[in-house]
Amino acid sequence: MKFLERLENLDRRILFLLVGLAVIIPLIFPLGLPVDITRPVKSVFDRVEELPEGAIVVVSCDYDPGSEAELTPATAAFVEHCFRRNLRVYMMGLWPAGPELGNLSLESIAPRYGKEYGVDYINIGYRPGGPVMLVSLGRNVADLVRADYAGVPIDSFPLGRALKSARDIDLVMTLSAGDPGVLHWIIYFSARYGTPIATATTAIMAPQQYPYLSSGQLVGLLGGLKGAAEYETLIEMKARAVAGMDSQSIVHLLLVVFIVIGNVILLYQKRRI
Amino acid sequence: MLLILLVLTNQVELKAFDTPNDDGSSITLNWQADTLFNSYFIFKSLNPDGDFEKVCEITDRTTYVDTNVAGGQEYYYQIEAYGMDLTESSRVVGPVKAIPHIFNTARINIAVFIVILFFAVIYYITRARRGEKLFIRKIPGIAAIEEAIGRATEMGKPVLYVPGIMDIDEPETIASMSILGRVAEKTAEYGTPLYVPTSKAMVMSMAQQVVKEAAIRAGRPDWFNIDNVRYLTDDQFGYVSAVDGIMVREKPATNFYLGKFYAESLILAETGFSTGAIQIAGTALPDQLPFFVAACDYTLIGEELYAASAYLSQEPVQLGSLKGQDIGKLIFIIVIVLGVLDRLVGLDILYNLFSTVQQ
Amino acid sequence: MKQTIPLIIVFGFGFFVIIAFFIPLSAFQDASQTFETWYTGVIAFFVFIGIFNIVKVNASKIQRRLSDWQYSIILLIFLALMMAAGFIGGPNGGVFNYLFEHMQIPLGATMFSLLAFFVASAAFRAFRARTPEATLLLIAAVIVMIGRVPIGYYIWRGFPDVVEWMMNVPNTAAKRGILFGADLGLISMALRVLLGIERSYMGGGRE
Amino acid sequence: MSTEIGVWIAALLTLAIYSFLYKDNPFYKVAENIFVGVSAGYWAVVLWFNYAWPNLFEPLIMRGNFIYLIPIIVGLMMFAPLIPKVSWLIRIPLTFTMGVAMALVILQRIQGEIFPQLQATFLPLIGVSPMQTISNLLIIFGVISTLIYFYFSKAHKGVLGVFAKLGIWFMMVAFGASFGYTVMARISLLIGRVYFLLHNWLQLI
């Protein structure tokens, strides 16, 4: 049983190497496993389906490049769905870099649906001030938003004029990677104005949202890259998120194997004592 | 016949009233009307039969808050509803005036709650101050803090104290600063070096004060080295990369991670583990607890973090507040049980009591 | 005075903001709002003492030729470069954005992604059935880990539902319990701070 | 392979950080110090333009609102420790911030967290499916026993001990589940970086 002892003191760099390979190989040679749909994702999808044409959806990009890997695919899939349903997208962000990242998705998707800036979608950019800002935004948008992200007066756009306060918002989608983010939207916005909030979060934050899902404070949830992959599947447009799912599966299996080995070692040690 | 019925049912019922719980700057209008209507003109006047001025047009809802009102002035309102080819006016309602309110009655539930909790804590603090002995059970993670400092001293290695990555407006950071005071006092006594890298300048300023005063209290003002309490960068991962560097280069024997953490928790804890340090973590929110629990030797969970500074101080007054918290928990449990029973019998009294959405 | 004035400030501003929350009169609302603005401003303004500290610590490291002092030069150069780019060219300036996009973003994302490796090493070490508690941790982790990925669905179609149930029921329950406890601890601590009973945060001694 | 300098810089920095997994080395040290320098500068600029300027200086300088001198002077007290005689003045901005922050935190946690979460725990036990009844009972039990675990002023013995133990079990299941749930996120990040290296830099996929 020398082998097990060696495994026990396994240099963790070997683990690291295996994890690295398990990610790289399936990316180059994809397997194409199917994706199942969970209820919180379906709820977001259904809510968007139920909205009447022309409804205003606030898409708040509350993330930064650190979580871009997880949230950009979700942003893209959600915006795609909104445009397909002819909803109006009002983009903003509680994090400085968020709206810039979100804009990349808007700009690449809008032309495909013939959407016009200022009419069908708008980006008002980064909105600093967290909680305080959210409260005043819900009260009166005009107090706070005078120009879009490029500095063009907001009144010069039909969509800019259409949104006056929280009452005009049919749904808020926050793509959230931390604070300020989904919690602030719930506490400072929804709790005050009753606006429905949907969210896509990093997978790390997802479990934390379940209490809010079950209390109805959240409409639905896209958790991590998996959530984005599910949404991509629901809108029948498989892209980057679905591609990453194979690597996910392999690494997860690898981890389970590690854990099993760890426990075999434990059993062996126990028996020896 | 049908037409008459339509006309009869198409009445528009308007209600105008002073907006509750505001500062006297608005009047709220609500109306009920048949779904055949899709747009409403709102008119307002200073006297019931004077000239009504159009205020605005509403299309998508049946409520409006008029904020363009002078305090104390009486107003009259009327609404015209438009449908496909129907028009209907409501009767004139009024007079209404906007009155400033001095207490937000919608928040009375919160006020009562705060008063009860404050009272519970203050009550036990007072009892403790009178010299009453209050029993507080041993909390393993907290007991481990002193041992861990002792271990670093024996090994002749420094102690690393990471106060989280958030600013002093986060309660976890404040709790961490309080614990830092106790940790610094101990390390100063032993003469063990203490590194406190921070991610926020304000936390650095506060930590410098805390450590300096602790050194003075321990009678070792010379031990305090201001450069050991330093600011690195506000950036989450920039900060982590530098703290990781400190860990592998200075090889501290004990790492404390107490405060508010996000994804960096596991990067810190795993790097710390690889250097063989004893690790004690503590954070209040559940998100990062699993990683600290998995990778650290001891973890202060949730409330234990806040209890730690009171516990470490061993001051009766502070311990008294822990007893007050326990009363708070008891209240929570009772409220939950009552709330469930309340729904079981279908009363929903408690359910509504804990509502916070405002109109 | 060194203790009293700060304690009066903490008490005064703290209770004012709490009371103003319940009084809709505009005088209270406006004052409360103003303090909130000031406070965000003051917090942000403090970053300059941080920058001052970085320069001081690293300059003295270079001067005293402490180990790895050469790297401090790199740090100071990039700090100066970034600040110059930002304050001269503005936060939307070209150089500023270029450095942000091609240095800070990839560095941050890569540092973050180290977690993929650390999650593996932590799982290998920690998820062993040593005690009943550790066993629960291990079982829950493995079920969710498999149930969350497509391959889990392949193995057994019920997996995602089990995962959802675990997230919805035991997970929600425990986290809610932790939240309630933590919030009580927080309120009690905040009260101790506001009343000046807890003052170790400002280096203050005992009562 | 990419011909863009920016992509090359990013790729090399990425590899330098990964080299830390093997062990600490000069490449990592260079990347680390660049990172700290660049990001500290970045945040100084962002915090100034987004918070300090609009909240303190713009009202004073552009609108002549002299009351804003107060917070600015309070803020400047951050430099007080440099002058030993008045070093205690640093406590003024610190305590001001804390006073406001603590009050806001108390209010928002009660309004936004405690109340809605309590409300959500008042779960229906009848009129739902039997499975849901069991789940709801478990949630209620779980919340209560977790709260009991945090009871400080009684030893965990007898009934209290049983509940506290149950509380620990609930927490362990929650922690395990959360850990398992987040593994995905972590892998996603690595996928993101590997995608960058393979796609944007090497252009293999």
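When the chains are written out, they are named A, B, C and D in that same order, and each has its own residue count from 1.
The criterion applied here is as follows: contacts are C-beta pairs under 8 Å (C-beta built on N, C-alpha and C of every residue); 3 or more make two chains touch, one makes a residue touch a chain.
In this text the structure is predicted, and so the values were computed from the model without any measurement.
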Problem - Label of the chain whose CA centroid is most distant from the centroid of chain A - result: B
Exercise for the section: Out of every possible chain pairing, name the one holding the most C-beta contact pairs. Expected result: C-D
Completion exercise
Separation of the C-alpha centres, chain A versus chain D, in whole Å, is 17
Fill in the blank from the handout: Whole-angstrom distance, CA centroid of chain A to CA centroid of chain C, is 20
Exercise for the section: Go ahead and note the Å separation of the Cα centroids belonging to chain C and chain D. Expected result: 3
Practice task
For chain C, write out the residues touching at least two other chains, lowest number first.
Solution key: 18, 21, 36-37, 39-40, 43, 46-51, 54, 68, 104-105, 107-109, 111-119, 121, 123, 125, 127, 137-138, 141-142, 145, 148-149, 167-168, 171-172, 174-176, 178-181, 186-187, 190, 193, 201-202
Practice task
At least two other chains touched by the same residue of chain D: list those residues.
Solution key: 17, 20-21, 29, 31-32, 35-36, 38-40, 42-44, 46-47, 50-51, 54, 78, 91, 93-94, 97-98, 100-102, 104-107, 110-114, 116-121, 140, 143-144, 147, 150, 171, 174-179, 181-184, 186-187, 189-190, 192-193
Practice task
Would you mind listing the residues of chain B that make contact with two or more other chains?
Solution key: 107, 110, 114, 168-169, 171, 174, 201-202, 205-206, 209, 232-238, 241, 249, 263, 285-287, 289, 291, 293-294, 301-304, 307, 322, 325, 329, 332, 356
Exercise for the section: In the complex, go through chain D and note every residue touching chain A. Expected result: 21-22, 46, 50-51, 54, 104, 108, 111-113, 116-117, 119-120, 174, 177-178, 181-195, 198, 204-205
Fill in the blank from the handout: Counting only contacts in the complex, chain A reaches chain B at residues 12, 66, 167-168, 178-179, 191-192, 194, 202, 204-205, 207-208
Handout entry: chain B-touching residues of chain D, taken from the complex the two chains share
Key = 17, 20, 23-24, 28-29, 31-32, 35-36, 38-40, 42-44, 47, 78, 81, 90-91, 93-94, 97-98, 100-102, 104-107, 110-112, 114-116, 118-119, 121-126, 140, 143-144, 147-148, 150-156, 171, 174-176, 178-179, 182
Problem - Residues of chain A touching chain D in the complex - result: 13, 16, 19-20, 23-24, 27-28, 67-70, 96, 126, 128-129, 131, 183, 186-188, 191, 202-204, 206-207, 211-212, 214-217, 223-226, 240, 244, 247-248, 251-252, 255
Handout entry: In the complex with chain A, residue positions of chain C that touch it
Key = 33, 36-37, 40, 104-105, 108-109, 112-113, 116-117, 119-121, 123-125, 127-130, 138, 141-142, 145-146, 148-154, 157, 160, 164, 167-168, 171-172, 175-176, 179
